[in-house]
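Quick notes on the structure that follows.
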Amino acid sequence: MNLDAKIPSGPLEKKWDRYRLEMKLVNPANKRKFDVIVVGSGLAGASAAASLAELGYNVQCFCFQDSPRRAHSIAAQGGINAAKNYTNDGDSIFRLFYDTIKGGDFRAREANVYRLAQVSVNIIDQCVAQGVPFAREYGGLLANRSFGGAQVSRTFYARGQTGQQLLLGAYQALSRQIGLGAVKMYPRTEMLDVVLIDGHAKGVVARNLVTGEISSHAADAVVLATGGYGNVFYLSTNARGCNVTAIYRAFKKGAAFANPCYTQIHPTCIPVSGDHQSKLTLMSESLRNDGRVWVPKSTGDKRPPRQIPESERDYYLERKYPSYGNLAPRDISSRAAKEVCDEGRGVGSGGLGVYLDFADAINRLGQRTIAERYGNLFSMYETITGENAYEVPMRIFPAVHYTMGGLWVDYHLMSTIPGLFVLGEANFSDHGANRLGASALMQGLADGYFVIPYTIGHYFVSAKQAKASTSHPEFKKAEEEVKVRTEKLLSIRGRRTVTSLHRELGKLLWDKCGMARHEAGLKEALRKIPELREEFWRNANVPGENQDFNQALEQAGRVADYMEFAELLCLDALNRRESCGGHFRTEFQTEDGEALRDDQNFAFVSAWEYQGPAKPPALHKEPLVYEEVKMTQRSYK
Amino acid sequence: MNLTLKVWRQKSPNAPGRFITFQADGVIPDMSFLEMLDVVNEGLIEKGEDPIAFDSDCREGICGMCSLVINGVPHGGHKGTATCQLHMRHFKDGDTITIEPWRARAFPIIKDLVVNRWAFDRIIQAGGFISVSTGGAPDANAIPIPKADQDQSMDAAACIGCGACVAACKNASAMLFVAAKVSHLSLLPQGKVERHRRVTNMVKAMDAEGFGACTVTGSCEAVCPKEINLTFIARMNREYLAAWFKGK
Amino acid sequence: MLRLFQSSLGKKYIMAVSGFVLFGFVIVHMLGNLQIFLGPEPLNRYAHFLQSMPELLWLARIVLLTMVALHVWSAIKLSLENKAARPAGYEGNPTPVAASYASRTMLMSGLIVAVFIIYHLLHFTVQTPAVNLTGQDFKTFLDPQTKHHDVFRMMVVGYSKFWVSGFYILGMALLCLHLSHGVTGMFQSLGLKNEHTGKWIDRFALAVAAVIFLGNCSIPMAVLLGYVR
């Protein structure tokens, strides 16, 4: 497999300019001759579909929700970064680039990240022009705040609903193109396979979720913007419908999967309240500015928190990281919470939680000030838990939040399958081993608004491919495979629900490949996953039929893919014998328990190639060559 | 706690529907309403029965996918709360809960509690946008926007498009939804350029979908999970009148 | 122009504008009739003043009738559309959340008021003897001094019957229920409500409905209680 990233030559800051100068263009009158399929309608997908249609391409866009406006980008709270330097605090494109590379623990590709920082400024302009109501100062100019430990204020936000507002901006642009007839939208339609003809991506096979109809759609290129795979852990902050299916099917058709083990665990989520739990809710990280994290000193201490005297409390973050204290980075505070819970000192009914206590802050600043700062979060907490956090400490616990890994793409955002482009969280390119706060929205929109519109035309001109038709045998074959698989799922009629199998898989992954991983555990997971997969295909109960609105069948198809994908995730985690960013191997840590990177042996992107059902995937390595930055050790003591 | 659920079951859009009673036992107060239904569905699947179809996605009150009328009130009637954020602690042991889909001609039922809300999307497609293409936008700070206007615009923009307003309104009117989008965009200078065209086209699309008119009962704002209020409807009325006077 | 009659918002404007004119008429009508408390002479003079200009009077009547027609047409048209928009209701027909009684019953209160208005016109404008339940012909009532129509006496006799006054008071109650919601709706439909004025408009609507009710009902009450005779 050829992992040529096709990075333009020349100095880092000139690469994107140079690319745009040298790329091949499609004549405006010829653009309407090209068809593009966009799968997914979140920030990346909607912005790509709209921008491509504006250029004149014929676009077909698919989403499994009932409307493109519901994609999970909508749930992002905090904000979007851009190197505007409106606050005059020394920000620059280079600083945003460097922060992102360093935040990703030096496991991202330099040229891609630099381009991301470059186009970040255009994103804000574009969004404002679309009517995104970003927060403003009294003078009428845009407000900024600092976020995710950055030392400059470069985050633009729209209350706690930045993702929603950005998505609605992209959705409106997409809707405009749908209204103009330039985009054909397929809501409640799930992509179930990519179709390749002569090695090029030429279309997809999709299932209409309302009628069960399986149909083929041909195009000159396919763009996957289908988000992350956090739900492989069953419980995550992702929406229920988020899934790995689209990119996993592409993987099975030959697209390399890069760094699947890089998953981000967010430290401040509301803990699990029982087996019925269907998802986890994120509480903004900003709470750690005034809350103190603690657990009881002794194990099994079940007294109510207010009855535990100061002397019997362990403020473990302040103890372990005196200079950063409660503000230690996401991965570090997540791991610390896991450690104390593993020791049996966790709080709450399941013992999986730590206190985030505002009593000191309320004493110092008064309840009013705290309410002004976090009122909406406190009420959200009360809605979910029924507890008043002004009186009793909040309980929080880490949860899977984002996946940095994804399909391998080159500088053009094209996967190892020609004509198959991958955008947003679905690709691997920009966040390395750990994503910084307020960067996901930036990447999704950068890819969709400002990268794919350029690179896709270059592909069309240079690939010179013939038009494909859905009558081609490859489409028929793919349709047949999808039908067979669907029938197979429906014919198991076993005794266990798909949810219970998924829950079991999730728990296994969370325990063995979650916040802290080690060789023995990963090997155990790799042994158990095939067993569970075998049980799934033998004993799962998928009710109903195909020609129907069948949510159980949708879920079963996704879980079936998780059952395979989980193995890839653990394999990658096992293979990466170092700790970096969100990937923490307990064998590889410094004396103080910090992540120990191995730049000598692991400064590469792991790209896995599917080899067939019975064979392990093949590992290919894209070396990470840094021209501008020097790798350093992160320290938060 | 143990509950009795009266759930609307309907096989397909044109099939007749009816209420079926289910027993939900061992419900934990910390469960969300949808998690309670998940547990009921698990039981149904184990018994080999067809689970209850209902929409949900983000389950944190922002995507607008969930859509249940609970005891006659869309989203169950807790201020500023979508169904997915409604928790079982608000119910009592032994309660009987009626669960129905959104009911409106413009929202045909797909199955059980799932409705088709594409009518909302068509309204947005008719004009709920600012006609700017990617690229060429001026610097984001080129047009200062008064903070008060921006705040008000954001109040309207918070709409999650769930359709509870339509479900609650005795006329199945979509005025609050349309007004929220019209207001969001017309309050901003960049949206003022095509304000007349926008409101005219959106209202036309709204009427064509078969939504009812506004009789100012206030049911919509009472159930709106984002607490969008009636003054935006007045604003839209004003916008539409202005557009009419200008012949646009 | 066509758009006004076709779109839902346009029909609401028609309803609001016609409602506004009719509301204005109700106020002026009440103020004129309250002159009954000043005695026969001022009231009859006012009545003669109005009747002495048949061109203007008929112009006003035509305008008012047109407004009634538009108001009723838009109400019925919108109601049919609204019913069609919600073909199936919810289990047990629960009361729509937060909707006031007045807002839910606008069509019904409006239709009953319409019936009342027909009666009221037959009673005092057309002066059909059959509907006044007194056996007298109001057309024969003449002011002994001016020989003009004695409106004062007509009102006293007209309201002397308990059932007639009772129906009148019921009509007023429904009219004011209708107005308590209709006046705010009128401002809302024309886009004249906003964050600042909304609260005051709601209060104004309630207050003005109460004033109209008390003002108009004071006349039959005064007659029945023998205060005006």
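Note that the chains are named A, B and C in the order they appear, and that numbering of residues resets to 1 at the start of each chain.
Definition applied: a contact is a pair of C-beta atoms (placed from the backbone, for glycine too) under 8 Å apart; a residue touches a chain by one contact, two chains touch by 3 or more.
No experiment lies behind these values; they were computed from the predicted model shown.
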Category of the chain touch graph - line, ring, star, complete, other: line
Of B-C and A-B, whichever chain pair has more C-beta contact pairs: A-B
Euclidean distance of C-alpha centroids - subunit A vs subunit C, Å: 64
Centre distance in Å when subunit B and subunit C are each reduced to the mean of their C-alpha atoms: 38
Subunit A and subunit B: spacing of chain centres that average the CA atoms, whole Å: 27
For subunit A, residues contacting two or more additional chains: none
Footprint of subunit B on subunit A - complex, ascending: 47, 50-51, 54, 65-72, 74-75, 84, 86, 122, 124-131, 133-142, 158-159, 161, 164-165, 168, 171-173, 175-176, 178-179, 185, 187, 210, 239-241, 273-274, 276-279, 281-282, 383-386, 449-450, 453, 493, 495, 497, 499-500, 541, 543-544, 548-549, 551-552
Complex contacts: residues of subunit B adjacent to subunit A: 12, 28-32, 34-36, 38-39, 42, 44-46, 48-51, 53, 55-60, 62-65, 81, 85, 87, 89, 110-111, 114, 116-118, 120-121, 124-135, 137-141, 143-147, 150, 153-154, 157-158, 160-161, 184-185, 188, 190-191
Subunit B residues within the subunit C interface of the complex: 6, 19, 69, 71-74, 77, 98, 100, 103-106, 168-173, 203-204, 206-207, 210-219, 221-223, 230-231, 233-241, 244
Residues of subunit C defined as touching subunit B within the complex: 3-4, 6-13, 78, 81-92, 94, 96-100, 103-104, 106, 181, 184-185, 187-195, 198
